Structures are given as structure tokens and as C-alpha cells.
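In the part that follows, the structures are each spelled out as C-alpha cells.
Next come two complexes, and both contain chain A; in the first it sits with chain B, in the second with chain C.
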Partner chain A sequence: MTGTVPRRPRFRIQPYIEFAKKAMAREGTYRFDVFTTVGSFVVRLYLLRMVWTALYAHNAAPVDLSRHEIITYSAVALLMGIVMDIDQTRALHDKLHDGSIATDFMKPIIVPLYFFADGTGEVLFHAALLIPSILIALLIFNIIVPPPMVLAAFFVSFLLGYLVGFFLNFILNCTAFWTLEISAVQLIVTWLTDLLGGELIPLILFPAFLQQFIYALPFAAMFSTPLLIYVRQIPPARYLEVMGLQVAWIVVLGIVSTVMWRAGARRVVVQGG
Partner chain B sequence: MQTRRMANVYRQYWRINILTTLEYRENFLIWFLFTFIYHGTAIASLWIILAQFPSMNGWSFRDMAFLYALWMVAHALHNTFFSTVAEIPDHIRDGEFDRLLVRPLDTLFQAIATPGQVFPDELILALLTFVAATIYSGVHVDWTFVVFIPLIVAGGALIDLGLNLIISTAAFWFVKVDALRWIFVQLEQEFTHYPLSIYSRAVQVLLTFVFPFAFMNYFPAAYFLHKPEDAHALALPAAAGLLSPLIGVVFVAVAYAFWRFGLNRYQGVGH
Partner chain C sequence: MPIIEAIDLRKVFRRIVRQPGIGGAIGALFSREYEDKVAVDDVSFSLAEGELVGYLGPNGAGKSTTIKMLTGILVPTSGVLRVAGLVPYQRRQENAQNIGVVFGQRSQLYWDLPLRESFELLRSIYDVPLNRYQENMRHFAEILDLERFLDTPVRQLSLGERMRGDFAAAMLHDPKIVYLDEPTIGLDVVAKEAIRVFIAQINRERGTTVILTTHDLADVERLTPRIVLIDHGKVIYDGALERLRTEYGTHRVLVVTTVDPVPDDFAVPGAEVESREPYVVRLGFDRRTLTAEALIRRVLERYAISDVSIIEPDIDTIVRRIYLEGYQQNAVGAPS
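Let's look at the complex of A and B:
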């Protein structure tokens, strides 16, 4: 048959901006979340400050990282967590569960890009929660603010880390094409990311033999790289190298995502949605 | 008569739980892995930190392993027998709770004995961890230890239950309590990993007298590990660590009174 194959839609950015806006509005309805997010940030930062203070009071600093720097590290890690720990592509998993993914395939949109826009909208809404949290971190916990050059490098690296996180999440949610129960696996990956990504403890404090193993995983590219740039453990001379590695992870995970998405999408079509 | 009927219901509850677990074996294995990694990463974090900084207010990694394991057993004991209490707000929200009210058995008992997929896997893991941590930390195992540890663990589980019940009772007034529960779960699970002495005085008072999590593991561990009692600002005597069972009973009694108070005023959520 000819003429029935839908033409690939011409790409326009406008619909995706609308998807992101819609996601922001949707998130805005969960107002209680605001209190939990900011409250939990303050409680956890307090706890970490007490932990590091107790450790530095009785021991010599093991690496060239002062108490003030390590508390700053924890504060920035928690701030990053507010936007990074969101499962941006949760919608994919949900839509596979209830079958509504089938209608998305019929729409004249690029479906993975729709998930990216939707997830980014959600993240941007949560980014608004950063404003009170950053103020608290600056005024109450007195965190260090590095010079503008370092800060700029941090933001670039943070953005790259966000993309690494996006693809990792996307891959995890893609596994729902094959198995439907993935919430336990996702929680496991979240904890492993917290630990192996350096969100809880800077990776430079890990035993040497573990460090080699951890740097071979993508988690460090999400949290550790921007954080170590922030506290200036990574000097400007190495920026190109560490950010190059982040880009390499984005490329690798992007390819894996594409392959999984294509295989999964074909499966949905074969099964009839 | 009432007790016999309750025992019968309770037996059925466990039978259904175990049958459900056997039916969904893969699901069970994944959630077991989840439990394993949850505690594994927590202990690994302590190990990594204390490999770099050998002492935390006089507590070594061996001491902290015992501190963690003691909390883990009490928490797992609570999760095994009372995790269903946390589901009461869901029952209230979807109207299922109103059905419990008209049945001729105690309401709280019925809520506790609502079958799901409960299995004592975490408890078994916790007991093994506790035995390992006891040997590893070199705690002197004498008669006091053998007699008091089971009581302390039970007291710790009751402290957990008390908090769980208080939060679930709050659902009589504020239908959605997930956020509230989440804050307290975090407060309990993260603050009990470290010796109480590292916190400021206000937080020590909060964790001792208001939400007595410090009695789940810190005070008993300090007693058995012979930590100097002046390490914490509250200056309680060392033997305070043996009071956990009593604190647990009192805390649950307070929580239960609050539950009765809420239950008597409960009007339904309008189904």
C-alpha cells in the first residue's frame, strides 16, 4: 500500500516548549511538596554539617579539603539533588503501564523528545524550590561561593551531568517495555547513584581501590564532576578533560537509549499497543 | 473468646502473607535485593567515612557497626509485624477503613492484620547482621546482654510503632500524611546512624524525650560498648540504655491514647 505511511513530521520546537510549560503547571498543584523538599534539605544539611564537624574535630583532614569546604560540598550536592533526583521520564513508565503510549505514537511528535520536554518542565518547576534552599545555604550555613569563572564551569558541568542523568533514567524507564515492575530496581539505582556518584561522600575520600572502579561508572559524571569543580579540587587545567568525559558518557548513553527505544517501540507496535 | 478469635485471624493473616509471597516469587526477590542494598549502602557509607576519619566522637567503625545493627534489628522487627499500620491512611482515604469499624473486632487489630505481602526476610537479614556486628565490635556478651538485648530490641520496635501510629492517626484529620511520614522516617533513619553526642543540645533533647529514637540504639549501644557517659550533653546515667523497653511501652501507650482519641472523633471522609 502506498500513501498510508505517515510522513515524518517537520520538526518545530514550539510544541515541546508547550509540553514543558504544561509539566510545570502540573507540578505546581502539589504544594505540600514544597515544604517537604525545603524542610528535608535543611534537616539533611544540618545532619551532614554535624557529621563532618564531629569528624574534623577529632581527626586530621585526610585530603586537602577543609571542614568549611566539605560542608559546602554537601550543601551544593543536596541542592543539585533537588533537581537531579527527579525521575524525569517517569511518564514513560506510567504510559507503558496503562497503555496510553499507543496514542502518543500516533501524534505528530517525536516521542522521546516529548518525554525530555515534559521531564525538563518538571525539573524547572522544582528548580524554583532552589531559591529558598540556596538562601538558607548561604545565610544560615554560610557556604563558600567560588569566583565567577569556577561558578560558570560548575554550571556547564552541572548541565552535562543533568543530561547523563536524563539518559540513565530514560534507559531505566525503557526497561519497562520488557518488564513492568521496575520501581524496586529504580530505588536501588537511586541509592547507588547517591553513594557512587559522590552525592553523600566526596569520591576523593573513597579508598583508592574503590575509586578506580567508581570512575569507570557513569554516576561520577552526574554529581562528582561538577561538585569537585565547585570546591576547586578539579583545577581549571583539567576542565576540558573531565567535561570531555561527561560528553563521552552522554554520547554512549544516548546511543544505548536510542537502541533501546527503537527496540521497545517496535515491540509495542508488534503487540498492537 | 475474643482473644481466640483474634489469634485465629492473625494466623490466617500470616498464612495469606506467606502464600502471596510464594506466588510472586520474582517480585519478592527484587524487594529482598532492595532491602539488602538499602542496608548495604548505609553500612558501606559508614565504613568509607570511618576509613578516612578513624573516630567519630570516640566511636570507631566497629562501634558504629554495632550501633547500626541494633537499630536495624528493632526497625526490621517493627517492619515485619507492624508495617501495615502505615497503610491506615490509605484505607481511610479510599473508604476501606469504614468497613473495619462495623466489624466485631478491635479496629487497630484489624488494621494490623490486613494481609499484604509481608515476609520476615528483613528480620532474618537484620538478625544475621546483628550477630556479625556483635562479634566484630567485640562487645562483651554477658548475662545482662543476653537478657536485655531482646527486650531492648522489642522496646525499639515499639518506639517505631508508636511513631507510625501517631502519624497514621493524624490521617483522621489531614487525609494525606505522606509528606509528614516522610520527614519523620528520614529523621529516624538518618539520625540514628550516628552517635547522639554529635548533635546540638536541642536535637539531642528532641531525639531523647520527644521522639525517643536515641533509645532504639544510641543509649543501649553506649551502655554495652562502655562509652563514657559524659560524651553527651544530657548527662543521663549509663544505665539509661537499659530503659529502652520501658520507654517503648510508654511511647506506644501515648500513641495508642492518641489513636483512641482520633478514632472517637472520626466521622469518615465523605464516601
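Let's look at the complex of A and C:
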């Protein structure tokens, strides 16, 4: 083939902002979600509060986390879960499955960035739905609000956790380039995230030898790190270290994502999907 | 200089050979046997700017594979391909800016959004200046009659409405070239006609280069003098549709209505009895060896007849014959 050097056209951010906006508009068509989100949040938090209260009544609790703190932990974990549990890049899997990915490749866009923008729009919409749930958590369950500095650190860490989750989902959906069916793998990863990410049970309650193993996995970077910052189990002195680890996970998973995407896209262009 | 040039374009797909059944599926995990399938086999053609060409062939002939290579989403195995001066797969994004694509079987509109919002998104993707966008929208809304359903979510549109939306979407950024892959498939007569008028208009008024693949030969007859015929990945004919008709459509039929019932041994030298009814007989003959006048004279010499008519080969019949029997070089002469 003739040896023209591949060159990228001028990058414009606007289309990706539009993708995110359209994803929000699309999610907005499912308005019923507002009620189910709030409803299931209240029910699950109520149940968790019952469980923790019972455990604490029998002195089965760790010393350095009060009952009120652990209920706060559960509430914040549930709130985070509402946005974190969304599979933002499901569209990639769907489009690979029905072959419509081809039309995306025929547009002058960076295709993985389109999926990122679309997924983020979806997540932002659901984040907006959090407001009533947050109010309930504050006013009815009376959860603890940490000082602004801790809160700010929590949000930064949450954002980093979101990116870890994004790349993890992206990698999973990329496997559809080869297998076309990913639900089994995805189910396992969901279980692992629930259990080993600290969404359900704070990881500090796990036996020490298990904690070593769990912290070596990316799941803790998604939930546990921001949550432990929130309940002040991670002191400010360690912020740099724990967030550094989150960033490291983003870099590693980002590289894996890139490699997977390139190989997958190559497979599409060479094999025709 | 041609706007599209393909020289010895070739695409070979490699597939894993798998024995049927569970055993085969498990076996495929361990030993991989590959099988090469040549989808496009040394195809060469070129298009001048503003040309409209019908790209025809039976299912699996390699039409869609060619289109995918032209759009840059498939990398050719070998050969040279240039579209508006670019090698499509090397400069996919820039190439995308130059082309518009319509698939009859697949929409590029956003399923959950009203049509209008899909257009706005495309305006942003292709960076269409606002005044150009508004002008195009006004123009397309008028000729494609979009106004009525601009605010309807795409999933609620009828096929005809969706296709019209897809055409407008493909043309919004004034592409130099459009690829239309079976754009009239499944449409009713009225919608088909609207689409054909639109294609003719963009080709004529905007000078857009058009490659049209279709199974509906009426599309081609209506729109373009030139066709490229492909079968088993090879170009078997490239030239005027009319020439194909005159040179390949040599088989004509003389329909004879007889005065007396058609006898069992009805026969005329140089013609073949194709079907026989009590008073009507159909005689197939080759235009190259026998004129209609001569055949009619021969019939009159032998039988009493009350009426004759001639059925000329239609393009469907010609193309069907080529698909079925393969293409014979000598029947048409060397392809240009």
C-alpha cells in the first residue's frame, strides 16, 4: 500500500460533550427510575442499619468504627453504588453484538472516547437523581458529614474510583470483540466488586491476611478508598499514598484498555467483525 | 483524476474451521484450522467526480466488503485504494469527513432520540457551519418531507421515514462521496421513488459521487447509465447498462397466437418452443442468428396465425442469467 503517514485531524471536544448530553437526554426518557432509585436506597439502607445495629448490640463490632459511622459508611456506599454500578460502556458490547459498531467507525470520531462520553453522560444523569436520596440520608438517617477538607478528598477519590470502574467495565466489554458474550464474566466481576470492593462490608473488618490480598486488587480502589476517607479511617497523611494507588490502577487499567481496544479494533478491521 | 480508484483490490478473510457439534466446538479450542475465504478478488474500478455507478452482484458477491474497505473500516489484504486522495483505512477519520453512508439494513440515527436531535449531533460530529446546516436541513426537509416526524424518536418511525432520515443524515455535511448500500430494501413503491428522486437530485445538483449497491434493478435503470457487476469477488462487467442489454440480452421471445389449436409437433427452424398453450406458443430465439422478421416469415410459411408479439429481455432476466450461468466473455465482448 502507499506509504502515507497516518495523521489525525484537528481534535474537537464539542462532539463528545454532545454525546454526553444526548446520553443524559436518553436516560431522561426513563423517568420512573427516580422513584425506584430512591425506594430501593431507603429499603436497603434501612436493612443494613438493622444488621449493623444487631451486630453492634452483640459487641461483634470493631473497636474503632462506631455504629453511627458504619451506618454512614453503608449509606455513602449505597449512594456511590447508584452511579458506580452502571455499566457505562454496555453500548460497546451491544454494538459489537449486533454489528452496529461499524457505523461508529464510519464517523470522524475517536470511537473509545465516544463510549467514554456516552457513559459519563449516563452516569451524570443518574448522579443528578441522587439528590433526593442524599437528602433522605442526611435528614432521616442523619449520616455524618465530615469537614470540608475530608469531603473534598472524598470527592477526588470518588472520581478516581469512577475512572477505575470505567476502565474495568471497558475491559470487560472489550472482551466482546472475541467472545461476543460476556455476561458470565461480568457477573463474577460484579460479585467480586460487591465483596472485595468494600461496598457491602468495610474492608477493615476483613482478617489481616485477606486484606493484603484484597488491596492488591483494583476493586478496593473503586469503593473502599473513598469510603474510608469519608469515615476518616484513612487519615489525611495517607491521602497521597491511597490516591496514588488509585491513579496507578487507572494507569494500569488504562493501558490494558488501550491494548484490548487496539487489538479488538484491529480484529474488526481485518476480519470484518 | 478519478475520485475513487481501486486497483487489484483484494480482501481475504481467515476463518476458523470448526467441525459441527459440541465435539467440534471443544476441538476448536485446541487445534485451529484456518480456511481462507476470498471475499474481494482483485477488483479494479475507478470513478470520476460526480459519477453515479450501480454496484451489483448476488448476495455474498463481495459488495459490502468493498464498501467497507472504501469507508476505511476494513483493511484490504492487498491492492491499492484511494478515495478523494486518501487511503481510507490509514486516514479513517479524515476519510469519514469526505463520505456519507446509508445502509438499508442498519440505521446510523440515534435510536432513542428524536430525529432532529440526531441531526444536531451529526452537525457537531462533522463540524458543519450553522448556516450550512440550516440550509441543508431546510432543503432536505422539503424534498424528503421530514417536517412531520422531525420530533419523533427514531425507534417510532416507519421504515420509509427512517430511511429518509438516514439519507438526510448522510448528506448533512455535504460529503463528496456517498455509499448507498441497498438503500431501497423493504420500501414501498412511493418511498422508493422518493429515495430515487433524492439520489438523482444530490448527484445532479451537488455533483456528489454516488456508489449504489442494490438488488432492485429498477433503481439502477432509473438512476445510472453505468454498472459494475461483481460475482464471487470479481468484477465481471463494468460498463453501460444499455450495452449489457443489447449485447448480452440476445435471447428474445416471439409470442405467436395461432388460428388453429397448436399442434404437438409445432416447430420452426432456428427457434425453440419454450411453452405451449392451446392457441399460444412461445418461441425463444437468438437475436444474433435470427431476426424477428425472418422468424415471423418462417412461422407464417408453416402455420396460420392471428397475432404476434416480441418480448425483449428485461434487465432482471439478463442479470439473473449472468448470476446463474456465469458470465461469458464472448457474449458481451471484453469488459471495458
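Simple rule for what comes next: the second predicted complex is superposed on the first by the 262 of 273 C-alpha atoms of A that agree within 3 Å, B and C clash if a C-alpha of one lies under 4 Å from a C-alpha of the other, contacts with A are read in each partner's own complex, and residues count from 1 in each chain.
Note that in this section a residue touches a chain if its C-beta (ideal position, glycine included) is under 8 Å from a C-beta of that chain, and two chains touch if they have at least 3 such contacts.
Predicted model, so just to flag it, every value in this text is computed and none were measured.
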{"item": "Room on chain A for both chain B and chain C (clash or fit)", "value": "fit"}
{"item": "Touched partner set for A:Thr36, first chain B, second chain C, both or neither", "value": "first"}
{"item": "Chain B, chain C and vertex chain A (Cα centres) - angle in steps of 10°", "value": "90"}
{"item": "First (chain B), second (chain C), both or neither touched by A:Phe19", "value": "second"}
{"item": "First (chain B), second (chain C), both or neither touched by A:Lys107", "value": "second"}
{"item": "Chain B versus chain C as contact partner of A:Val268, first or second or both or neither", "value": "second"}
{"item": "Which superposed partner A:Thr53 touches (first chain B, second chain C, both, neither)", "value": "first"}
{"item": "Minimum distance between Cα atoms of chain B and chain C in the superposition (Å)", "value": "7"}
{"item": "Footprint overlap on chain A, comparing chain B with chain C", "value": "none"}
{"item": "Contact footprint of chain A on chain B as seen in their complex", "value": "27, 30-31, 33-34, 37-38, 41, 44-45, 48-49, 51-58, 176, 179, 182-183, 186-187, 190-191, 194-195, 197-200, 203"}
{"item": "In the complex, chain A residues that touch chain B", "value": "32-33, 35-36, 39-40, 43-44, 46-47, 50-51, 53-59, 62-63, 181, 184-185, 187-188, 191-192, 194-195, 200-201, 205-207, 210"}
{"item": "Residues on chain C engaged by chain A in the complex (per definition of touch)", "value": "13-14, 39, 65, 68, 71-76, 80, 82, 86-87, 89-94, 96-97, 99, 101, 103, 106-108, 110, 112-113, 117, 120-121, 124-127, 153"}
{"item": "Touch list for chain A against partner chain C, complex", "value": "1-2, 4, 6-9, 12, 14-15, 18-19, 22, 25-26, 29, 99-100, 102-103, 105-110, 268-272"}
